[in-house]
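Reviewing the structure listed below.
Per-chain numbering from 1; labels A, B, C and D assigned in written order.
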Amino acid sequence: MARIGVFVCHCGENIGRTVDCSVVAKESAKLRDVVYSVDYKYMCSDPGQIMVKDAIKKHNLTGVVIASCSPLMHEKTFRRAVQETELSPFLCEMANIREQCSWVHEDKVLATKKAVDLVRLMVEKVKRNTPLEPIRIPVTKRALVIGGGIAGIQAALDIADGNQEVVMVEKSPSIGGHMAQLSETFPTLDCSQCILTPKMVSANSHKNIKLYTYTEVESVTGYIGNFDVTLRKKARYVDDSICSGCGICQEKCPQKKISSEFNTGLGKRPAIYIPFPQAVPNIPVIDKERCTYFKNGKCKACEKFCDRNAIKFDQTDEFINIKVGAIVVATGYEMYNIGKNNKNGIKGYGEYGCGEDPDIIDSLQFERLLSASGPTFGEVKRPSDGKVPETVVFLQCVGSRDKAKGMEYCSKICCMYTAKHTMLYKHKVHHGQAFVFYLDIRAGGKNYDEFVRRAIEEDGAIYLRGRVSKIYREGDKLIVKGADTLSGSQVEIAADLVVLATAITAQPDIVPLAQKLGVGYDKYHFLSEAHPKLKPVETNSAGIFLAGACQAPKDIPESVAQASAAAAKVLGLCSATELEREPYVAKVYESTCAGCGFCIEACPYKAIDNKAIVNRQGKLIKNVAYINQGLCQGCGTCLSVCRSKSIDLAGFTDEQIFSEINSLFV
Amino acid sequence: MKIFKITGTYKDLVETLLSLDYKVIAPVNRNKLTRFDFINSADEVLSPDEVLNTVRPAKEHLFPMTETVARFSYEGKKLRIGDVEVPEEKSVIIGLRPCDAAAFDAIDKIFSYVYQDKFYLTRRNNTTLISVACEHPDNACFCTSFGISPDSAKGSDILLKKSKDSSLFAFISTERGEDLARTINNIIPEEQPDPGRDLYEAAEKNMRAPLDLPKIKEALNTNFESEYWNEFSRCLGCGSCAYLCPTCHCFDIVDEVRYDKGIRKKNWDACQFPLFTLHASGHNPRDAQNKRYRQRLMHKFKYYHDRFDTHLCTGCGRCIRECPVNIDIYEAAAELCGCEANI
Amino acid sequence: MSQHKETIKHDFEPNIVAFVCNWCTYTGADLAGTSRLKYEPNVRIIRLPCTGRIDYNLLLKAFESGADGVLVSGCHPNDCHYNLGNFHARRRFTVFRQLLDFVGIDIRRIQFAWVSAAEGAKWAQLVTQVTNEVRELGPFTNYKRISELSFPYKELEPEPLEEVTA
Amino acid sequence: METLQNIAQGLLERGDVSMVIGYTPGTIPGKTKTIFARTPEAAQKLTFNENCVNNLSIYLTRQYGNIGEKPVALVVKACDARTVNVLIQENQLKREQVYLIAVPCNGVKDEHGVEQGKCKSCAQRVPKDYDALAGETPAPVEIDPTLRFKALEQFDAMSPDERWEFWMKEFEKCVKCYACRQACPLCYCERCITDKTTPRWIEPDTSTAANLSWHITRAFHLAGRCIGCGECERACHQNIPLGLLNRKMAKEVFDNFGYRAGESAEAKPVFADFRYDDKEEFIR
């Protein structure tokens, strides 16, 4: 006979406010096979867990139902507690009466009734649970880091310094990411490149890091500890094992007027190019779309002048298979594009001229204007005529916090970098005047608010609280019309340059990658962490971690911190030779299996195969399905295609689900 | 045996029955299926000329396909168990053929053997059987093999028969039959001389020749392991024969539980299914269809006879008519003992 | 401290069962909770690893247990945690709902949705919509009628039961 | 032209096959029964006529134990051969284990002379794939392809409640003998789901609700697999129009996935497969 204990948690007021927990405990006590039930303020607390453990011993419980938060939140906590007694952790189930009951319902009577129902379902389920044995799987001690920005570099270096191998993949020709484009960084105003480039160099030279630039992830299969990844190393038409990075090819290339991606369109580059002087690796790449030879079949100037014969026009994409145990996704962000051809399909800002006026630029472009390595060598000159702008208007929240035209979220870093921009501008153009249109100033962070105050108080930036309604050109000037909601007046500023702090958005091509990885993403396509508070680095796909702005807008210190956290997770994973996995795997009842092979075809993991059943004389009796428990991930797709119900799935067995349904409405 | 004369037609008789305090069950064609069912009007009844034998026999009215026999519930931690009573309702089944009436005679024996099956017996004691003699048996009929004939009164409370000039007579075999007959105004309760069986003698001649039952039983006694049974490996095991047989009476007991309430049901079952004999160990003593068919023949012609001195077949021919692969029990029994099947 | 509200009383409150996958919809339903979005309390969630695990017989059994409406929800195509499970489910249910329709079951009682882990709001909206729609349809009397006949416990109720102690 | 008997006799004389499964006259006019001819002499008993309704491919399934080291010869109509394809698709059989003797078919009738529903819309006189043909290759015929799903049209005009009434009346008749299952060559499961007891998804009683569960299950388990041989409906003595359910499933599978069961032994079974762009208008 089953002896079930039910433990009802108030979660402080979180559950208790809408669910009468004492009623739930009392009603649970009446259920068949429930021999003990209790409610308590915080079941997950130490005393709460002790209550559970004591009750298991005292009442000889054969199963435990914790009615509290989501199992995704605390199932592990309670199973660990149960494991400390003699009971198998798999004999503990959770009834989700918080996220799926108290927090979403208002009527206390109905919510309490629902909570009782949810407990009954779980009591029926747990009665049919079995003490499973965790599955042990080997760990490949190598990590893949996707993305070579500051987050990826930091994660790779930390893992490599922890003496584990890292494969780092960057889709563009050089690592460095957006940070390499920045001038100086807030709140210290130290030079971005000065602090980044040494890390880039270490990443390339570290004995434990294998770097692939101009490379993308083609496919990912497998699971935690055992991912099989195929990389596509795109043809750069330059043999990176020969090239010395002398740069002669760039000089000789007749195509010189191609807008430079690194300089955000404000500078030019040739068709064969190294993205920026400090690029790592210092190897050029041929832009096939624009290369004269590829377009017309004639030229090959670069080949002629390359004394090492490193130019290879016949190079093709190369596929590299690697095995890794963990993956860090650090794919970063993209700037919201207010232009007409907005990638996100959102209308953009027609009243700001859709970004068509050359003197309306975005913040990243302004970074390049400020940067000593930028197209103007650090002199602030406006793009249209190279004049030093005397009045610059900065607009914040362009795309961010704007439900109608952009994204609803706050891009988080714009307040800080705009303050930085006004300061750097003032430092370079002493007579210049910066105006900032803002909605709120969000400067939470160490030394952040002080930094903004300095911009206003010491560097004289004029902050106006309000939106800009229109920007239009009048001769040499850009007229910026907006509201100053603090004074309640309309403002009109004749500016020489307008800088838009456009939103931080997800990488436009992140979704296919997320799908390859099996990582969730939100409606803005930022990747989803496993838990917003307690698992901010993990994803719901075990063994895959997040770092940097691919998860949400982040500044450099945050990205670095998360990268180091991800690295710590990877190192933790690699510290074991074997992993324990929840044994939620399918199994075949061979006696009733007819071997129709539907499950073999349907299994997403190719975990099922044919197995011959032979008699003692070795004569074939029949073929049945055979499930490789190492490959099975427990999705249960095979159960649904099995007409005779000859497959079952541990943890979600037919009997368990059947009993849950059978006890739904009584 | 008392012989009374009936005035009016068969339909008139049904109408009178409907006016009495009985539930009336008669052959009908409901939704493309001929069966015995409760009727509300004589118009819906199939006349004996319209149907020889319904697809479904009348046994379901005494031995339902599914029947609740007990119930239980969990109230809190307590299990409570309750009995089910069978209502004492008077009913009459009219339009049975002699083979079907005789079939009840055969299965009475098992339902009142060691265990008195109150579900069957209560209904049986409250049911009056009125059968109708057959003028036109078909090429599957072989009741004469079992001492039954197209006008046999065996098992019937009342048998309706026609004289040569088509007058209708009631042959009353039981008190229950007589009690009913005396309340029916279409039946004149005056004993008549036997009107003879001319019509039925003629009918009998068109039927399959009687089987040599002792010889068959002898063959069954000695041929349990015979290769002969391989012939029946073509059997699909569909169980149609058992489900349509008026004498097959196997059932399975199953509990249906909906969380805290349960009912115990008795459902028809058949020896032609592998599950019928599957042991919990996984072993199945009748692991092939030919063995299951052998069991069918054994039970019909030997085991039941050993125990009750009655064959468990009345030659109604349903299994022959409905078998999807034309397994013919008559042919099977005849050929087993080396006889020519005279069909 | 009682902040709770009484919900509007309806003549009929439908029983809704939701079969959801663990990775998208269950997590999405959690997010609805974390975001304190409100929805109708009629729904009972049954958690399964994947929509691929949700066979048709779970749905039938739900009706047998007294559901007036059933909701099946999982990851959007290409987002399945197990890559392909939802594709198989989609194909299966495309045909299965046609079968139910064919035998005369109002298929508005069986709803399918993709709700991702990020779509807490969609989940809240969906549950309320489905609840309202099924409430509009009324109790699933067609099915309940035959279901009660097949389980004639009620008519037996007045008989005394004998108590058995375990 | 070779006759059926000659082909069978030759095969058995040469020892190419262990037996020939075919038809022989039955005990009642209009009925035929199966014969397992293991000797050249027995081959003479083979026959084929318009009463040969049975789909003999059922005897190739494992429970009958006919498949051994030597191939088995099977007399097949075009529809029966489609079943063989499905059996091969579903790993129940290898093509080389069966020798198909095709018989030209102009439609078959039951013992009451009623032409089978499947024949009305069938334009296939001989199977696509066979090893020997008994008789002449018949002239091709043209049949209106819409006839295939014609019988379903009556339901389009009905309301859900009317359809419910229709089917509940039909299912009420079911006696749960499972003849429909046993007669089906594709119901080869070692243990039918309805016989599973832990848990019991389908109650075994004959209440309409339990019958509904069974018939939905049966129809759905055959969806995308049933080739429409009609044996289930023929085996059903309660006259439940099971073929309509199968046909509805075939229509949905065809309309949604462009798949027709039994057309090829190499195709992936439709419900073991999917397409990324399968329709999903019904999903919110």
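We take it that a residue touches a chain if its C-beta (ideal position, glycine included) is under 8 Å from a C-beta of that chain, and two chains touch if they have at least 3 such contacts.
Note that this is a predicted model, so its numbers are computed, not measured.
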If you tally C-beta contacts per chain pair, the winner is A-C
Maximum distance between Cα centroids and subunit B occurs for chain A
By C-alpha centres, the chain nearest the middle of everything shown is C
Rounded to the nearest Å, the gap between Cα centres of subunit A and subunit D is 53
Rounded to the nearest Å, the gap between Cα centres of subunit B and subunit D is 32
The distance between the C-alpha centres of subunit C and subunit D, rounded to whole Å, is 36
Chain-centre distance (mean CA atoms) for subunit A and subunit B, in whole Å, is 73
Where subunit C touches two or more other chains simultaneously, the residues are 56, 61, 64-65, 78, 84, 88, 92, 151, 166
Touching two or more other chains in subunit A are residues 591, 602, 641, 658, 662-663
Two or more other chains are touched by the subunit D residues 193, 201, 203, 205, 207, 271, 273
Among line, ring, star, complete and other, the chain touch graph is complete
Residue positions on subunit C within touch of subunit D in the complex are 56-57, 60-61, 64, 77-78, 84, 87-88, 90-106, 111-114, 126, 142-143, 146-147, 149-151
Counting only contacts in the complex, subunit A reaches subunit C at residues 1, 13, 17-18, 70-73, 96, 98-101, 103-108, 110-111, 113-114, 117-118, 121, 511, 514-515, 518, 520-523, 528, 532, 540-541, 584, 602, 604-605, 633-637, 639-641, 649, 651-652, 657-658, 660-665
Within their complex, subunit B touches subunit D through residues 30-33, 35, 55-56, 65-66, 139-140, 233-234, 236-240, 242-244, 252, 254, 256, 265, 267-268, 270, 273, 275, 288-289, 320-322, 324-328, 330-331, 341, 343
Seen from subunit B, its contact residues with subunit A in the complex are 74, 76-77, 257-260, 282
The subunit D residues in contact with subunit A across the complex are 62, 90-92, 188-193, 196, 198-199, 201, 221, 268-269, 271-273
